[in-house]
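Same chain, two partners: chain A is paired with chain B first, then with chain C.
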Partner chain A sequence: MSAIDRRDFLKLVGAGTAGAGAGFLVKESSRDRREQYIPYVATPEDYAPGIATWYKTVCRQCNAGCGIQVRIREGRAKKIEGNAMHPVSQGRSCALGQSGLNVLYHPDRLRTPQQRRGDRGSGSFAPISWEQAYTSVAERLASLRRAGKGERIAVLTGTVQGHMHDLLEIFMRGLGSERYLQYDFSSPESLLAANKTTYGREELPYYDIANADFLLSFGADYLSHWLSPVHHGMAYGNLRQGAGRKRGDVVQVEARMSLSGANADKWLPARPGSEGLIALAIANKIAGGSGGLSAYTVARAASASGLTAETIEELAVAFTTADKPLAIAGGPATHSSNGTANAVAVNVLNAVGGGALVANPSPVIGASATNRRAGFADIRKLIADMSAGSIDALIIADTNPVFSVPDQFGLRAAIESVPFVTAISPFVDDTSAMADIILTPHSALESWGDDAPQPGVGLSTASIAQPVVAPVHDTRALGDIIIELGRRLDNNVATTLPWDTTYDFLRAQWRKIYDARAGSLDGMNFEEFWNSVLQAGVWAEERKGPALAVTSGVIDPGTPVIPDGEFSFHFQPYISPIFADGRGANLPWQQELPDPLTGVVYNSWIELNPATAKEMKLKDGDVVEVSSASGSLRAPVIIYPAVRPDVVAMPIGQGHQHYGRYASKRGANPLAILNDTVDRDSGALAWCATTVSIKSVGERVALIRNSGTPRELGRSILGPYGEGGKTRHESDDDHG
Partner chain B sequence: MSVSVLAALRTFKKHALIVLAVIVGFTVGHLVNANFYSDDAPVQPIEFSHRIHAAENEIPCMHCHVHAATSINAGVPSVNKCMNCHRAMPGVWESPEILKVRGYWERSEPIPWVKVYDLPDFVYFPHKRHIQAEVECQSCHGDVQEMDRVEKVSPLKMQWCLDCHKTREVENGRDCWTCHK
Partner chain C sequence: MAGIVEKWKKFREPGYPGKFDYHWGMVIDLDRCSGCEACVVACQAENNLPIVGEKQFALNREIKWIRIERYWQGEYPDAKVTFMPMLCQQCDQAPCEMACPVFATYHNQDGLNTQIYNRCIGTRTCAVYCPYEVRYFNWYTFKWDEPLEQQLNPDVSVREKGVMEKCTFCIQRIRQAKDHAKDRGGDQRVRDGEISPACVQACPTEAIVFGDFNDPDSAVSKAAEDKRNYRVLEKLNTTPSIVYLSKVEQHG
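Then we have the complex of A and B:
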């Protein structure tokens, strides 16, 4: 072996050192990364790691105005529950309300304002700073105002309640524009019109389901979406098994069984559009032929509705013998071409039969918001004005009319013709995709606001909505956006908006409420009053509304349409208990929530009666093309035993072009193919008045449903049917 | 024949030695890291000494770890809390470690402490239960008041938890759901 010389020795030492270093680093990099423990710089008030705090606020997932409380840990919102002190929710909440957390932490939420990059409607945007966004919007509005074209600026919002509405009013006055509309697809427009006819006031009374002992619902799905579903759910519980009372009976008259229909004692599949005639026949029977109702005979109602005369007479007997009967109207009954007439007929039935209605006092706050509630006629006028070029700038906040207004009315093209469109929206949805600038608002859980629930619950109630978490992204409260835009317009507008923030504005308004009642608030000073309302989440006072005096008679509902010829089916889209009017479709928790009646997740479907399906040789999952005079869509079939054979029903909510990763291009939107039929009395969109044809396209999809099979498979779940324990479902080929 | 193999290897001998030196060095470096640079006493962003605070100045544990008795987390003091005391202590105001604390405060940055005791997320460990059962902090965390840099002295393995639950006859102390819920 040759000797190691100096040169070799140095080589070996170098190699050894390099090896040692490499070994050290390899071991170091193979260690698990240490978790860090990061405290606050300065701990916020009432913060303790590991200890939850509950803050009361108001739910904004629909317009019912439920009081909620949110569990906060380490500054993060973890869980939403009902606020037990709030008279609307009384500690309860619904699935859509729970998903308020999904809105707050949604991965598709816009984090900063956006500027359009591609074509209108392409949904391609680039982030910009608030300064750039404010400047470009304010400059545009200011130049219009300077040129005396303030009235050519239109604002279209969803339902804005409470004092936020007043702030918008002030802003619009500053702009010099009268074009401020609140549009909500699910707004009970025909019901309001009917109440104006019957009671002289365009308001909703409190429908006292809780204390009724016979509830007759004409299409109102009060357990899933009608007016205030969480409250009605509790009321239904009390009607059925409240302490110290006899169990109330429930009858549901509707062509497609809704969740409320499934919970009724009796489901009566009357022909769509005949609901008013049935109500009037019952009223006529109760009134004994007097009261100008003699034309509405049981025989006429029976032939129009397809129900038997005995059934209708039984309803009349049940209505008379009940101590506190109540009839309500909603859903398909109020959204067909005779919707207002149907609702008036139900009002007449309540008036004749002594229905359990309680007049609501006028709301403490935001009372004038109803003046801005856009009827569908107002929307059509706005579309016409936009198409005619009389609108130079459009601001759309918190509403998605491009999704909910049928294509037939040309809203999309009308918006495209407006030179400057601003959306105030947390997401790129079908409507905000058309905007030039998107301003990104706080979610409800990050904002100040207040609310007087509409419809009220028979007493005067108002709640303050407080932010329960610090803003997650670089967003601004809607009120702050309005105030800041007002400031940048010019001094005149700025002086009408003298508040720095929404919070200051809200406090100033609540001080007025306090001042008007200072004597009667147990000597509380304003701070104590404000804090007590924040802490309870609600404030209520005993105040009676003016009595409901019936001022006017009947509107004839007419004879229901019997579809024939090419379009031989009634098309009944229905508001989904999961997505509401479609706003919940981008929330993953809602997408994976199975429909309560069909058990389907993630998709659209149409419901067909087994007899119809058999005749057309269709099975579950067969894709069909549903065509109306205005358009067509494709959706798989679900065989649904509880729908009339001449009706095709379809849930509303899916079929968004743009609405984030969970909703975009999923399913189909039934509203897109509706005809331009409106309610002939109120002008409301008659979204249950379209007739369609269906034809198989020869494809099948595997529907994702959690219900497995509708059969018992010998398990005797429904109890034995006759001798030998054979079950009803096993003996029936047509799904019972 | 063997002679010819050795002759063939001879030219590679020096290279083989170098490779051997690298392997030996690598092993030594690896072992040094594993044994002398332990995870049990990680270097913290500030050389905070529990010995000075808890032993010399006799500050009780829960003066800083305020939530231990009421929450699942004991809590680490905010930078504000450090500053509150140290503003009143001119003697160490200019010392290098306090300068670091002041730096965090002035930049409004939290101090990124490194966790010494870290349980997996599937273990529910409430500090408050243990404090309420009068378990001394030291029985799990060791003599922290003697440590300049905190060192992990307990394995935090399930057997170790159960041993104590058994000795102290904890009610439901051996139920799975007590800790895994």
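Then we have the complex of A and C:
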């Protein structure tokens, strides 16, 4: 019984004497706050207790753009599954995608806008109302604009796909600023640069892994977070055991065995940075010395990479004898100081050896979205501008660069020097902790949006993202925030944003898509078209992309660096299969998900070759200090059987200063100690190009792992042909 | 061995038909499995598995009805690893069933090895008997940090302290499919492919096939005929309902 106290009672009676209805008020206030289960008189169409409804939308946990469907019971999201009709996910999903529910119901999600209280970066905020938040941000922006300083406002976002990008463009025009950048740590910058060199198009082709029968991957962890993990997962399953085909072979060339390397038939630990030379040597071998590749001999590749000449020649034979060979590049190969050159070398190999690549047709929407894709060079320019005092206001949305840009580049200090920083972020993370005002957006499952998946899947597709549940907190959709801020700037800007909500804006854009196709839609009206796209979750058109024409030759990858002197190890941070580039670290399901290769949860670690560990007298759990020329960190050692002896590998993802209760101040961030090395051709951050030293600090921690005995020990767990048996299956030709 | 199975099935009568209505089972192809762990999170979401926290995880008290095991072979530079999803094998001759002093775990009419939570008194004997180590004990009544509890699946009960739990093959989905089959009329049987447990539905590489082993034409029965087939720890004679297909290894 929630009785009112005496003071409230007297107040109510006092109020009551002034007018009628006092009795009603008193009665209402003193009533039991009893919750009653009363069925609706007329239930909403999609609400029946005990019966689930499913809504299709788009996953925003990474940039692959998988179609998903969400199970809703009694108005709450219960489960995410893949959308079977969507060409990217085809009904499948990944671990990080499933954890989208953790974002929606995260206990540390900001429930209202926030105003900074402590120092920048302290993470101390106080809640304010939306009116206060809008007023303080819009006034600041409007006064800059009135003073003719609109171009001193910068907007930095993560990858914004679909029409939301157009909305931001309109907003930026209203501000009078050209400074609109989309930056994502995992954006395949050097791959795009390489494709521009080789094919003249800054796009990703469709890598037809599903139908390849020989896949040669240079560091691309396609089963983890390389471009489109769910789609590649399906492709991999088909490559291995697809019905009616010969089992495809997979070879992975990389210094540290990734998840994809673990699934390969052969893992070749080449020296970091030598991948391009290997690819060119194979291409040279295939071309038989012609095609201007004669300088790239097998002997040169062998000495640079540490692989034997026979191994490289075998790869050339496998590539030529395969019906549908395919070479791909990613991860460390494309993020060293010669990343673009390595990716170009792999393109050349595909061109010479007939790699199974298909150009993507132009997308249904979002062709312009790539225009604002910021390279790392643009980020460095932004940092320089901020440090020079030429930015007066910064708006950061949906990205965490303070975490992902190495400290050496001085981003944190640059942001600190900006007079007014607004973050549009659902969490206090490393970056939004630096903001003066945080505007709290809807999660992906609460907002309208759309998406054209990048990379495409050989089809022209677009999907609409619809809200699957009512907003959990007092948040606003990103689009609504932009529209509202724009309208408050002044009347001229308001007229360029004639929509009341993101929904209206989106419908207007899709009406254009409809209009362009109205003739071919069998007399379907716009409502029917809109509803059918919502229902299917996707709109796809069969359209052929242009043929991939090779326009230019090789870029010399150069000789790989051999670390010596003080810093005698290659440092290879890698994108964690669990946390991606760190964005998943705040999710409890992800924190408690064991790393597939080491079984570790809740921590950071570095991986050392058994021989290196033995030489340095290190055991599992011994804490070491990893030092580069730019900084140092501490992490426990894991002895990892599949990493080169001259490599120290470490997963990216942990080490957040601020990111909610599950991630804050947990582990260490390898990106923080990277040198300021960039890819010499594209300017992309070369996050695999730092060299380090390690030394024991004489401490031990108990690593939390779910691994039991790491070996089979004659138990035949992996089948009758397991360890100790002669062979599992010598020939694979008869599997179908 | 077939004789023993028949005897055992007979022994379970009365209360159960000599032949199960269905015999739910899985085929897991290790040559497809990439170890991505989508199944692990899918199960966590579907079956209301708690987050036990760092401290409890360190004491091996995590609750994961399905986990990815990894087995290394060879040494650098020829090190190889094979991933293996491990979950309750729904054994026909389940050691855990024989062990339970209060019959909290029993065999149902679909050949499923089932746990009755409110009968369980938490002796943990079954977990000791299980050779696959796929039974998980609730050492605490785990809490969901508000509002994470809004995600909980209302079709699955939330377990509390002192109760053993394990994979159910997503029995809530099986029940739903059976209800639909009943409503549909006709033979009132669930058709092949109508049920996907959460792990099966999520798996990007389509490594897991689920279905009825009693139906010789089902996808799962067909898949189990592959010559790479085996059951884990077969010599223990637990007759699991999960058939694995071993990884193909290349030589030379």
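Heads up, the rule we're going with is that the second predicted complex is superposed on the first by the 668 of 736 C-alpha atoms of A that agree within 3 Å, B and C clash if a C-alpha of one lies under 4 Å from a C-alpha of the other, contacts with A are read in each partner's own complex, and residues count from 1 in each chain.
Here, a contact is a pair of C-beta atoms (placed from the backbone, for glycine too) under 8 Å apart; a residue touches a chain by one contact, two chains touch by 3 or more.
As the structure is a prediction and not an experimental result, all values here were calculated from the model.
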{"item": "Which of chain B and chain C A:Ile51 touches, first, second, both or neither", "value": "first"}
{"item": "Which superposed partner A:Gln572 touches (first chain B, second chain C, both, neither)", "value": "neither"}
{"item": "First, second, both or neither for A:Gly91, with chain B first and chain C second", "value": "second"}
{"item": "Which superposed partner A:Gln657 touches (first chain B, second chain C, both, neither)", "value": "neither"}
{"item": "Greater residue coverage of chain A in the superposed arrangement, chain B or chain C", "value": "C"}
{"item": "Partner chain in contact with A:Ala42 - chain B first, chain C second, else both or neither", "value": "first"}
{"item": "Partner chain(s) touched by A:Ser425 [first = chain B, second = chain C, both, neither]", "value": "neither"}
{"item": "Chain A residues contacted in one complex by chain B, in the other by chain C", "value": "50"}
{"item": "Residue ranges of chain A touching chain B (in the complex, touch as defined)", "value": "1-2, 4, 8, 11-13, 15-28, 31-32, 34-43, 48-51"}
{"item": "In the complex, chain B residues that touch chain A", "value": "10, 13-14, 17-19, 21-34, 37, 39, 42, 66-67, 70-73, 75-81, 104-105, 108-115, 118, 126"}
{"item": "Complex interface listing, chain A residues touching chain C", "value": "50, 73-74, 76-82, 91-95, 97-99, 101-102, 104-107, 223-224, 229-230, 232-234, 236-237, 240-241, 247, 249, 257, 259-260, 262-263, 265-269, 472, 577-578, 588-594, 596-597, 599, 601-602, 609-611, 641-643, 645, 661, 702, 704, 706-708, 710-712, 715-723, 727-730, 732, 735"}
{"item": "Contact footprint of chain A on chain C as seen in their complex", "value": "29-32, 34-38, 40-42, 44-46, 51-52, 54, 57-58, 62, 64, 67-77, 79-84, 133, 145-154, 198, 201-207, 226, 228, 230, 232-234, 244, 246-251"}
